[in-house]
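Once you scroll down, you'll see the structures, which are given as structure tokens.
In the two complexes that follow, subunit A is the common piece, with subunit B as its partner first and subunit C second.
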Partner chain A sequence: MPAYFNFAIKRLWQFVLVVFIGINIAYVITHVTPIDPVEQSISAVTSFGNTSPEAIADMRRSLQELYGLKGDWIEQYISFWRRILQADFGPSLSAFPAPVTSLIARALPWTFGLLAFTTLVSWSVGNLLGALAGYYRNNRSLKFFGVLAMALHPVPYYIVALSLMIVFGFIWPVLPITGGSAMDVQQGWNWQFVASVFHHSVLPALSLIMIGIGSWFLGMRSLVSNIITEDYVVYAEIGGVAQSRMMGSYIIRNALAPQVTGLAMSLGGIFNGAVITEKIFGYPGLGTLLVDGVYAGDYGLVLGVTSIAIIGVSLSVLVIDLIYPLIDPRVQVAS
Partner chain B sequence: MKRIIFDLLKYNNEFRIGVFLILIVMTMAGLSFFSPYPPNDVFVVPPDAPPSADYWLGTTSRGQDVFWQLSIAIRNTLAFGLLVALLSRVISIVVGLSSGYLGGWVDRVLMAINDTFIVIPLFPILILFYFVLRDSMSTILLALIMSSLGWAYDSRLIRSVAMSLKTREFTGTSVFSGMTIFEILRREHLPYVLPIIFSTTLNNMNWSIGLEVTLAVLGFMDINTPTIGGMIYWANQHTAIVAGIWWWVTFPVLTVVATFVGLYLIAVSINEYIDPRSRLSRMGGGQS
Partner chain C sequence: MTTQPILRVDHLKAHFRSSYFGVYREVPAVDDISFDVAPNEIFGLAGESSSGKTTLMKTIAGLITPPLELIGGKAQFSFMPPETNLYGADPAQLARIRWSKLSYIMQGSMNVLNPLRQIRSIFRDFAAVHIGGSNSDFETKTVNHLSRLRLDPSVLDAYPHELSGGMRQRVTIALATICRPDFIIADEPTTALDVIVQKEVLGMIRSIQREMGSSVLFVTHDMGVHAALTDKLGIMYAGCLVEAGRTADIFNAPQHPYTRHLIHSLPRIGDTVQRTGLTGTPPNLANPPSGCRFHPRCPLASDICRTERPMMRQIATEHRVACHAVAGDDA
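The block that comes next holds the complex of A and B.
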């Protein structure tokens, strides 16, 4: 157990470091650039109509307080961190006076649900198919899937989502292309709402899975085709170990470890994809919130979503890292 | 080098398809030098014309010829991807080689920072950059920002090779013959990681072009420089899909997909070439 404890401490430290560096990048971007975010916000708000000079001066003062632009840079830095740690990003400018935190809290379950579902599906299905394709190398349909995965995998999320939207929104309009649920359905735990949520999430989920599945498939296939030439597999084959057992405990079990590490490493990228997909399909999650926040010049909202994204992604990576020893027991033995 | 390419063309289907796609895309980009219209001029041709003998890929609602617009756009997009890839290579080579060779606390510190950059979701950070810079955001600036963010994954790859190079005999010989660390890394180790660097360059180009397209489509970039993403952005602004001007969206999308698949296939086949086991099995010399 002390081995696992050491391992966990190391991972926890890495988590703290990721959050620290990430939040510092956000701080540097917003504070060291020559452009004043307060002036930016004000010009974004006042460009829509006439605002009296007094109101602008008033707004400038309150914005400076809100974003901690008062005092020297040490004070600013400390108050910036205090805001992040208290999860207090002030009121949202675009949805005034709702606090940013409550907007994020409303959007978070949507993004989390979509991401957790699609990542789980594409990871497990991609790995399973990849393992089969690596083992049965001459299977026709698996070979075809490989070609498909290879063609689809490098295409960015945006293009896939746009194509799906054109196909299912305009050419063959059978699926809803915008929103998280039907407008006329009461939100809550009733059957109609849940069904509507599923119906609306088909296209965003499909585009995320289509992109995600390819890399797991290709990775697993090459891992497995390397493993089956290992001596212990050849020996087990000669020894007459049942094929299902070979597959499960000899091949997949060993190939899975790098794939779990890969999952932890690619979570940031998967989140990036979700941001874009949500925006395209008008899904009411963090991505839509972030992009709309930029359009509306809502500094607190953009900063809030960015910080939550950094913390959320690194927290998920931490969770995956902590369950990693279950798959790879070598961690418990090593120093 | 010549022989490697010849071998790949002879034995590797993926490489052939990849090279073919990239050649088409590069020809397209090269044609932009002969464009009859300045790239930023609008209403130089009749708007909304479908593809025809006069306008091969049709014209946009802004009165631009899609073909010539596309050629300058793909040129800019490729140049952007190449710039990001080359700049970020510098960081990943320096970090990867020195971390792998020096080991110890240097390695631990560098890899802790490295892993941080792998994990952090970069897209919100890029959006934050745009949010602060707004109109001062230029293509060159975005390339600089992205190359300082997108090196981490590849430097881990380079490090793993450098670690095994360190235990090889010739490294010891170089140390005893009095070479400095810099000389060892540059003259002895760098040649060994070059194939990997090449394939990661292609993958990195895909990554940066994908992000550039996405940012531009959302309007989070300098949209007056014609790029593929910029073209799709303007098409969306004029609701081209709903208005039935499909050629405005379809051709940029096809071109960029050809770029992605082409670069990816070349990168994959080079990776396979580096790994001797898969090369043997492909040439019929392996066991299976």
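The block that comes next holds the complex of A and C.
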């Protein structure tokens, strides 16, 4: 096991490096925007009437400190990292004075709940159906599903989302088309709120699953149709290995490795938010937060969301790398 | 020989049929082949590449998938109900005989073991249902059987990629023989191995076959292997069986001109005569020559060979040949 331990340490170090570089890039990009948050705040305050120049100078100083813009760029950079390590992204500009971290903490459960659910559902259903369709190539309903997936797959996501909205929101208005829950329901762990969240998530979830399932289905089907021509599958077939065992341990098991990697990548991508979904359905998640932040020039917020996304993606890739020897015993750690 | 043959192949025909864009192609890869395999006998099939050896195997084993189609004839195993081919047999019936009566050692045995499964699980997948008993009984049986093939019980914990080529081949032979089947189909089981391992593996097949009294249908293009291993031999050329008989008879007195060339091309210790190859190439089976398929390359070809296809005729005890030019052409 020392080889594996060394590998894990090396991989962990890589993870730290990737996150560090990623956040630096995000820092640079957000700081070269032409929007000066301090001047914007001041102009927002002063537009209501006369303020004395001394007061404005005071305000500028304290705002600069809040936004981490005090001193030259080296000092700014060091204080940025000091605050990041304490998980502090400063106050949000667009929702001043709420801190960025609390905005993210409020949006994250929405996005995570929606996307984790839809990703897992479309991954498992898509792969299962894809494997069955690849193995039972003459089954009619699976063939029909294949045609459906093939037809639906290239349709741009927003078309699907808008069509669902039109069908279930206007033609047959049975589902809410916007928001994460009903406005008049108290948020918390009560039945009414949970039901409302569920009700509101049907359309966004459905649209994501409809689009997501197709690529998993098609990918798995072609993987499986390759695998069933492999010698070990043909041999197991003429050897009379039980059908369920064939399907599970011979076919799906061998096709799964690339799909598991794909799943990890999309689970990591959850922290990006689903920008288009959340915008179309007015869903209060990370994607909405990110887009609003960009529009408002709220770089603290953008940096916060981006950092979460960077950490999310790198972390899930790290995890998949660490457990890969379990998925495929042929993957050996170089000693 | 009065014993009932375990496998009777009777005028078996299987063709590849395909039709793309209106172009119809029919390749007679197995054309009117008949032979018997007796119990406790190793029957060898020889022939060059693309002579239809593997297709014949597949047809006998019932592995007929498009574009291959069964045109006629039958391959009857004695443990099957009369008048049934494996192809199209009742799946429950097939499940009963597979591995317990009939097993396979395949071409490219390197890849027949599931790369993501331990050898122990593979044995269980194939054989547990036929052997029955508790898990520990099965384990003991497996270990005993492996030791017969000089395999350490530790291979059960290994994944296929952790074994060497020779070991993997021995594991497949162990897997194919653990249920003590009556009949084993072996398709080029030693082709990918170097000669040292080949010798060892052939010896194992031989000894385990002798011990269990199974019959083996053994396919290889390697005449040396046939000489060393098989009891009977069938020579295939371009989808047809051209000669069949006891291996010793065929090596000592080959009758068909193709077989004669095949045997004479083998190197012999101490013989320094230059070997001559046959002129020409094997025919394209999509468009086989008329009459005898060997006539364009045959030194003895006469007019009848170009028009009429020779039938298999008995020329001596258990020695049949399909050639117009062979003596005794009075039928």
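Structure notes:
FYI, the second predicted complex is superposed on the first by the 251 of 335 C-alpha atoms of A that agree within 3 Å, B and C clash if a C-alpha of one lies under 4 Å from a C-alpha of the other, contacts with A are read in each partner's own complex, and residues count from 1 in each chain.
Everything below uses one rule, namely that a contact is a pair of C-beta atoms (placed from the backbone, for glycine too) under 8 Å apart; a residue touches a chain by one contact, two chains touch by 3 or more.
This structure is a prediction, so every number in the text was calculated from the model and none was measured.
After overlaying the two complexes on the shared chain, residue contacts for A:268 are found with subunit B alone; subunit C is out of touch.
In the superposed model, A:210 makes contact with neither subunit B nor subunit C. By the touch criterion defined above, A:289 reaches neither subunit B nor subunit C. Looking at the superposition, the partner that touches the larger set of subunit A residues, subunit B or subunit C, turns out to be B. Looking at the shared chain after the overlay, A:224 reaches neither subunit B nor subunit C. Judged by the touch definition given at the top, the superposed model places A:255 against neither subunit B nor subunit C.
Of the two partner chains placed by the overlay, only subunit B lies in contact with A:313; subunit C stays clear of it. No residue of subunit A lies in contact with both subunit B in one complex and subunit C in the other. Every residue of subunit A that touches subunit B in the complex is listed here, in rising order: 14, 17-18, 21-22, 25-26, 29-30, 33-35, 37, 40, 137, 150-151, 153-159, 162-163, 166, 170, 222, 225-226, 229, 264-265, 267-269, 271-272, 275-276, 279, 290-291, 294, 299, 302-303, 305-306, 309-310, 313-314, 317.
Only residues 14, 112-113, 115-125, 127-134, 136, 153, 206, 209-211, 213-214, 217-218, 220, 232, 241-242, 249, 253, 256-257, 260-261, 263-265, 268, 277-278, 287-288 of subunit B touch subunit A when the two sit together in their complex.
Looking at the complex, you find that subunit A touches subunit C at residues 230-232, 234-236, 238-242, 245, 249-250, 253-254, 328-330. Interface of subunit C with subunit A (complex): residues 61, 63, 94-95, 98-99, 103-104, 106, 108, 111-117, 121, 125-126, 129, 159, 161.
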